[in-house]
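Chain nomenclature is as follows: A, B, C, D, E and F, assigned in order of appearance, with residue numbering initiated at 1 for each chain independently.
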Amino acid sequence: MEIMASIMKDHILQLLKEDKRIDGRGLEDFRPLTVETNVIEKAEGSALVKLGDTQILVGIKVDLGEPFPDLPNMGVITTNVEFVPLASPTFEPGPPDERAIELARVVDRGIRESQAIDLEKLVIVPGKLVRVVFIDVHVLDHDGNLLDASGIGAIAALLSTRIPKVEYNEETEEVVMLEEYEKLPVTRIPIPVTLAKIGGNLVVDPNFEEEQVMDGKITITTDENGYISAVQKSEGGSFKLEEIAYVTDLAYKKASEIREKIPGL
Amino acid sequence: MMGKPEGLKLIDENGYRLDGRKKYELRKIKMEVGVLKSADGSAYVEWGKNKIMAAVYGPREIHPKHLQKPDRAILRVRYNMAPFSVEERKKPGPDRRSVEISKVIRGALEPAVILELFPRTSIDIFIEVLQADAGTRVAGITAASLALADAGIPMKDLVAACAAGKIDGEIALDLNKEEDNYGEADVPVAIMPIKNDITLLQMDGYLTKEEFLEAVKLAIKGAKAVYQKQREALREKYLKIVEEVGE
Amino acid sequence: MEIMASIMKDHILQLLKEDKRIDGRGLEDFRPLTVETNVIEKAEGSALVKLGDTQILVGIKVDLGEPFPDLPNMGVITTNVEFVPLASPTFEPGPPDERAIELARVVDRGIRESQAIDLEKLVIVPGKLVRVVFIDVHVLDHDGNLLDASGIGAIAALLSTRIPKVEYNEETEEVVMLEEYEKLPVTRIPIPVTLAKIGGNLVVDPNFEEEQVMDGKITITTDENGYISAVQKSEGGSFKLEEIAYVTDLAYKKASEIREKIPGL
Amino acid sequence: MMGKPEGLKLIDENGYRLDGRKKYELRKIKMEVGVLKSADGSAYVEWGKNKIMAAVYGPREIHPKHLQKPDRAILRVRYNMAPFSVEERKKPGPDRRSVEISKVIRGALEPAVILELFPRTSIDIFIEVLQADAGTRVAGITAASLALADAGIPMKDLVAACAAGKIDGEIALDLNKEEDNYGEADVPVAIMPIKNDITLLQMDGYLTKEEFLEAVKLAIKGAKAVYQKQREALREKYLKIVEEVGE
Amino acid sequence: MEIMASIMKDHILQLLKEDKRIDGRGLEDFRPLTVETNVIEKAEGSALVKLGDTQILVGIKVDLGEPFPDLPNMGVITTNVEFVPLASPTFEPGPPDERAIELARVVDRGIRESQAIDLEKLVIVPGKLVRVVFIDVHVLDHDGNLLDASGIGAIAALLSTRIPKVEYNEETEEVVMLEEYEKLPVTRIPIPVTLAKIGGNLVVDPNFEEEQVMDGKITITTDENGYISAVQKSEGGSFKLEEIAYVTDLAYKKASEIREKIPGL
Amino acid sequence: MMGKPEGLKLIDENGYRLDGRKKYELRKIKMEVGVLKSADGSAYVEWGKNKIMAAVYGPREIHPKHLQKPDRAILRVRYNMAPFSVEERKKPGPDRRSVEISKVIRGALEPAVILELFPRTSIDIFIEVLQADAGTRVAGITAASLALADAGIPMKDLVAACAAGKIDGEIALDLNKEEDNYGEADVPVAIMPIKNDITLLQMDGYLTKEEFLEAVKLAIKGAKAVYQKQREALREKYLKIVEEVGE
C-alpha cells in the first residue's frame, strides 16, 4: 500500500514536470461537471452533482422552528455532510469525522458569509418562529474534490427549493401552510474552487489519486459579485503569498464557468 | 399501521388502488448495475418512489482483527436512510429500526453468498435509501444482491425480494407508503428463486394464518418477477462490458 | 472454540437424524416453563420467566407523558431489552446491540399489532396527557430462546400491572393520583413461539447450544383469537413455504399451552 | 439527604424505627449462591427490599489486549441498576453514580482476591440491582463476594459489607430508603473479617469525628453478622453439591 | 515500565522504613501550596491551585435555571472535572472516566453535605427560577493528589465568585440583571485531606510517584466547625480502624493549615 | 459576524479601536515556555484576554497500532476550550468548531515538524483555551509551536501565527472578540517565517480580492512580530536552564 502510494506519487510528479496530469487534464481544468436538480421529490430541494466520477447528492428540508436567541430576526440554516461508507473504502460508519465536519463548515461559511440566503425573509414571527433550512450533503462516490462538488450541489439544491407559503394568524397564534409554493430567497451564488499542491505544482479540482499524494490544498469560495466568502487552506503543506494570489484569480474564473452549469441560472 | 382516515378507500370499486395499480401489480421498477466507481460492486434501484443505492466492498481485510473468522468471510450490512429521504427530516445515523433492518437483510443475503471462499475477510454491503416510500428493505435487498453480483462475489443464486400486504381487507402486492400506513399488514419476503428458498420473512400487522400464507405466496410471485428484472439488469451490464472490451 | 463448535454441531446433527435433541427433548417440546409475577414491588408490574435455564425479568413502569403528535388519542408503549453482561459471556457492557434491538422490536410488534393493550384507554387528556408504559426486559441468564421468554414475560408482566387511577381537573389542569388502583387494559395475550432450523431439521424453543449451530430461526407470535401479530425470520438460513406453514401451525398449538402457564389467566 | 418532612420521626419514643427495627438491628437478609447457569459464579441477595444479583466471569482472556497485566489478573466491576428497580424509571446505562460505585466496589473487593495467580486475564464482576432500597452497594459487595467464592476464585477472605448512618440525631445500623433520604449521614463499610481490614469506607452526610467513628464501628459489627450469613449460604451450596455428587 | 515501577516501589518503601519520602517531605507534610483567585476574568469566580507541581484551575459559571422538582426552594450546584490530556500522559481525550467522575463526586459531596453554599439564598422564584452554579475543575498538570487540589480550588473559587444581583418583576415575570454585584452565599470552608497507604505506611498529600505504588488512599473532608462532610476510601488496599482515627485527626489539623492559604479568608 | 448594534463604531475618528489600539497594532502578548511538569514540552500564551496553554507529548508509542506510519511519526492535535473560558458556559467535550480548528492547526504545524525522524510514533499536541477572546487558534498555534520546541522536537522553523480582519470597512490587525463579532471578516494566518511559507490560511467573512490579499499580508506582518516574541521566550527558557545547570 505504502509502496504503491510512493510509486503513484513519483508517477504523478513526473507527469507534472511536463504540466501533465494523471487523467490527462490540464493543470487548470475541472473534470466534466453535471448538475441535475429536483432528483428527490420528497425533499423541498435537491441536486445531484457529478464531477468526474465524484457523485454528491444534496437534499434540502425546510422545517419551522425557533430562531437563535441572539438572532431573533433571522431564519436558521444548518449544513450537515455524511461520508457514508458506500462512497469510499476510506469512509467508516459512524458520526461525521473531522474531514466531514471541516467540509460541512467550509460549505456552510461560503453560503452564510455571502448571505446567499436572505435569512431575514425566513422569519415568520420574529424571535419565535422561523424557517429552518437543512442542507444535507450525502456523498455517493468519492473520487476526489468532495468540497467543490458539495458546495456546487448545496447552492444548486437551494436554488431548486420550493416551500409552501405560510400564513400566521396572530390571534389564534396558528400557522397555516398554504397550497401555494414559493422559492427560497437565494440572492447570491457562491462557488468553491479547490486547488491542490503537489510537489510545488498547483492543480485545480484534484481527483482521488492526486489527493492521496498532495501536500495540501486551498479552497476559495467566490460569488458573482466578485467577493470572496470563504477561504480554507487544508491538510499539510504550505503556500507562498504569490500562490495565494494566483489561486484567488483562478477561483473567480473557474467559479464563473461552473455557475453556467447550474440549472435555472 | 396507523388509524386510517374516515372514508379513505385504498382499493376502489373497480379494484384499482390509489396509484392506479391492480391488486397483484408491482410498482414500476428500474435497475442499474455498476453505478459507482469507488465500490467493488454497486447497483441503483428505483422501485415506485423508492430510490436505493447499494455498494459492496470486499472481500477485504477486517480491521478489528478479532472479528475475523478462520474458515469464512463475514458479511456485514448497513442499511441507512439519507436525512432527506422521508417527509420529516431524519436525523443522521442509525436508529433502532435501521439496526433491525440491517440485521434481517444480512440474514436474507447470507445464505446466497459462498463465504467459505474468503476466510478472514469481510464483505461489506452498504445500502443507502435516498428516497423512501415503503418497501425499502425489499428494494434494498434487491439492489444489494445486484451489487454483490457486480462485485464478482460467488453466489448460489441471486436474492430477489418483494412484499405483500393487506389493505381494505384484501391481500395485495407491493404496498406503497400510503397503503403501508393505512393498511392492516405488511409481509416482506426474500427468496433465492432457483430452489424457492425463503431467506427473509417478516410480518408486521394482524392476519389469520390463511391470510398470512396467501401474502407470503403472493410476495414470492412478486419476487420472481423482480428476479427477472435483476437478470436483465445484469445482462445489460455484461453486454456493456463486452462492448467496451470489443472497442 | 471453533473446533468445539464443529464437534458440537456434528453431535447435534447426529442426534437430530434420530429425532433426538441434545437435552433429550422431542423436536416439538418446550423446556420447562415457570412464570412468576409481582416479583418487583417497586415496579407497577413484573414477571420472572424461567424457560429451562434461561431467566428473564420483565418490569413495567407507567408514567404520565405526551402522546405522539400523530396519535393524539393513544397512550404510548415502549419496549427496551437489556442484554446485561451478567447473563452471558457473549454479552458486552454498552448500549443494546443489534440482537437486543431486534428482540425488543419483535416483542413490541407482537404486543402492538395485536392491540394487546387498548391504547385509547390510556389517554387522560387527548393530545396532551397519556400514560406511557415502559416494558423493560432484563435478561438474567441466557441459555437460548430469549425471544420467547421475553415475549411471555412481557405479556405476563403487563397482565400483573396495577396503576393508580387518576382524576383530571379541567379547570386547574391538574392531575390527581388516587389511592385506588386499576389494571392495565390488556385485551389479548400474544405469545411468540420460535423454531430453529438446524441442518434441515426444525426444533422448537432452541437452547443455547442449538442456537450456536443453527442456520436460522423463525418466530411466530399468535394470540388466543387465532391471529398472527408478528413474524420474524432471523439470522441466516432459509425456509421452504411448507416449513412456514408447519411452523405457523405449531406456533398456535404451543402458544395455547404456554398461555396456560401465565398467572391470572 | 433531603429536607425531612415536618414532624416525621424516624425513631419513635420506644426506640423503634419506621420499619419496626431497633437502632442496631439489620434488615432481613437472604442469600443464595449459584443461581445462574451461564456465569462462572453467581449469588442472589435480598436485603430488606433490595434485590441484587451478582455474577462472576473469569479468569478469562481480556479482549483489548493492552489492558492485560503481565503479573496478575485485572478485576473489573460493573454495578448496574435495572430500569424498574427504583420509583422513577431509570434510563438504562451507566450514570455518574453507578460509575463511582463500580469503582469503589472494585477497590473493596480487590484486596481479597489473589490476582497474582492469573496473569494476563480478567475477572469480571457484574452486579445487577433488580430492586433498590438504600444500601445497594453493601448488598452488592456482599453478593459479589459470594459469587467470587462460587466461581472458585482464590481469596484471602470473604468481603462482607454493611452501612451505618445517623437518623434523628442518633447512629443507627443499616438505613433503609426512607431513613437514607431523611437521615443526616450514611457510612457504608466493607471488611475482610479475619484481619479486621476495612476495604470500603465512604461517608455522605455531616458528622462529628466521634459520630463518624461510632458509625464505622457499628457498620463493622453489622458486616460481621453479614459475614456469618455469607458462610452459611456457601455451606448450603457446598452441601447441595455433596448431595448431588452422592446421588 | 513494569520493572521501573517495581524498582520505584522498592525505593519508596525503603525510604519509608526510615520515615522518609521520595521528595524529602515528612510523612505528615503537604507540598508547597499556593492559591490564586480571579485568574479567569470571564468566569464569575476562579482559582488556580498549585500543590507542588500539581496544577488545577477551577472556574465558576453562574446561570439561571429551574430547580429540581423535588427541591423547589434550593439553587443548584453541579461539579464537573476534566482530566484533559494536556495534564498527564495517563489521561486520554474523551468524556470523564471513572477517576474524574469519582473525584468530581467527592469534591461535590464535601461542599454539598457541609452546606458550604446556602442554596436557599440562590432561589429567585421558588419552584421556577434559581441560580445554577457550575463548578468546573480543569486539571492542568497532574503530579498527584488531584482531589485535595481540586477541593481547595473549588471552595477558593466559590469564595471569589461575584454575581450580578437580580430583580424579579412579578407582574411582567421578567428578571433584570442589575449592575450591582454580590458574593455567593458561602458559609463554610470544607477542605479535603488525602492520605495514601504505601506498604503499611500512611503519607499525606501523595505525589504522582507515590500514587503509582500506593495500595489505596483515603480522603476526609472537614470544615472549620469540626464536622466531616465527606469520606472516601479509594483504590485498593485496606485500613485498620485505628488508622481511620489517625487519618481523621490529621485531616482536621491539615485542613486548618490549608484554610490559611485561601485568599480572602 | 453578527449584526452590529446601531451606531457602534469599532474605529473612532482618530483611528483608535475600542481597546485603544491603532489599526495595525497587536494586542499585548506574553509567552512562557516550560510551564508544565508532566508534559514533554509546554508553553503558556496570554494574548490580549486570551489565555492559552499548550502541551506536547511524544514522540511516543501509538496505542491503536493500525494508526502507526512505518516511515514517519503522526502528528495529532486537540484544541479544547475550558467550560469557563467563554461568556456562556461551554459544555465540555469537542464540538464541530473545535474539531475543525484542531484539524487546521494540525495542517499548520505539520509542515514544520520533521516527522520522518520518528517512524511509528505519535507526537500529540494539546491546546487548552482557558480564556477566549477571539484569535484563539492563532494564539494556540503560537503556543503549540513553542511547546514543540520545548519538547526538543526537531523543526524546520517555528510556526508563528496572527490574524487580520476587516472592521468598519478597514483592514486591521488582530481582532478582539468585539471586533470579531461586529466586524466584516477574519483572516487567520500561520507562517514559517524563514521561508515565508503560509501553513494556515482561512477566511470567514466577505471581502474583495484586494481586501483579502491586504489582510493576508498584514497578518503575515503580525506573525513575524509574534515570531520575535517566540524566539525571546525560548531564549529566556534557555538562559534559565543554563543558569540552573551552572548552579
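One rule holds for everything that comes next: a contact is a pair of C-beta atoms (placed from the backbone, for glycine too) under 8 Å apart; a residue touches a chain by one contact, two chains touch by 3 or more.
Predicted, not measured: the structure shown is a model, and the values here were computed from it.
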{"item": "Smallest number of contact steps required from chain B to reach chain D", "value": "2"}
{"item": "Partner chains shared by chain A and chain B (touch criterion as defined above)", "value": "none"}
{"item": "Fewest hops from chain D to chain F - one hop per pair of touching chains", "value": "2"}
{"item": "Chain of greatest Cα-centre distance to chain C", "value": "F"}
{"item": "Rounded Å distance between chain C and chain D, as computed from the means of their C-alpha atoms", "value": "31"}
{"item": "Geometric centre distance via CA averages, chain F-chain C, whole Å", "value": "57"}
{"item": "Rounded Å distance between chain D and chain E, as computed from the means of their C-alpha atoms", "value": "27"}
{"item": "Chain C and chain E: spacing of chain centres that average the CA atoms, whole Å", "value": "48"}
{"item": "For chain C, residues contacting two or more additional chains", "value": "none"}
{"item": "Touch-based graph of the chains, sorted into line, ring, star, complete or other", "value": "ring"}
{"item": "Residues of chain F that touch chain E when the two form their complex", "value": "36-39, 42, 49, 51, 53-55, 57, 60, 78, 80, 82-87, 89, 92-94, 124, 126-128, 130-133"}
{"item": "Contact set on chain F toward chain A in their complex", "value": "1-3, 70-71, 96-97, 99-100, 102-104, 106-107, 110-111, 185, 187, 192, 196-209, 212-213, 216-217, 220"}
{"item": "Complex interface listing, chain E residues touching chain F", "value": "40-43, 46, 53, 55, 57, 59-61, 63, 80, 82, 84-89, 93, 95-96, 134, 136, 138, 140-143, 208"}
{"item": "Chain A residues touching chain F - in the complex, by the definition given at the top", "value": "2, 70-71, 98-99, 101-102, 104-105, 109, 113-115, 215-216, 218, 226-241, 244-245, 248-249, 252"}
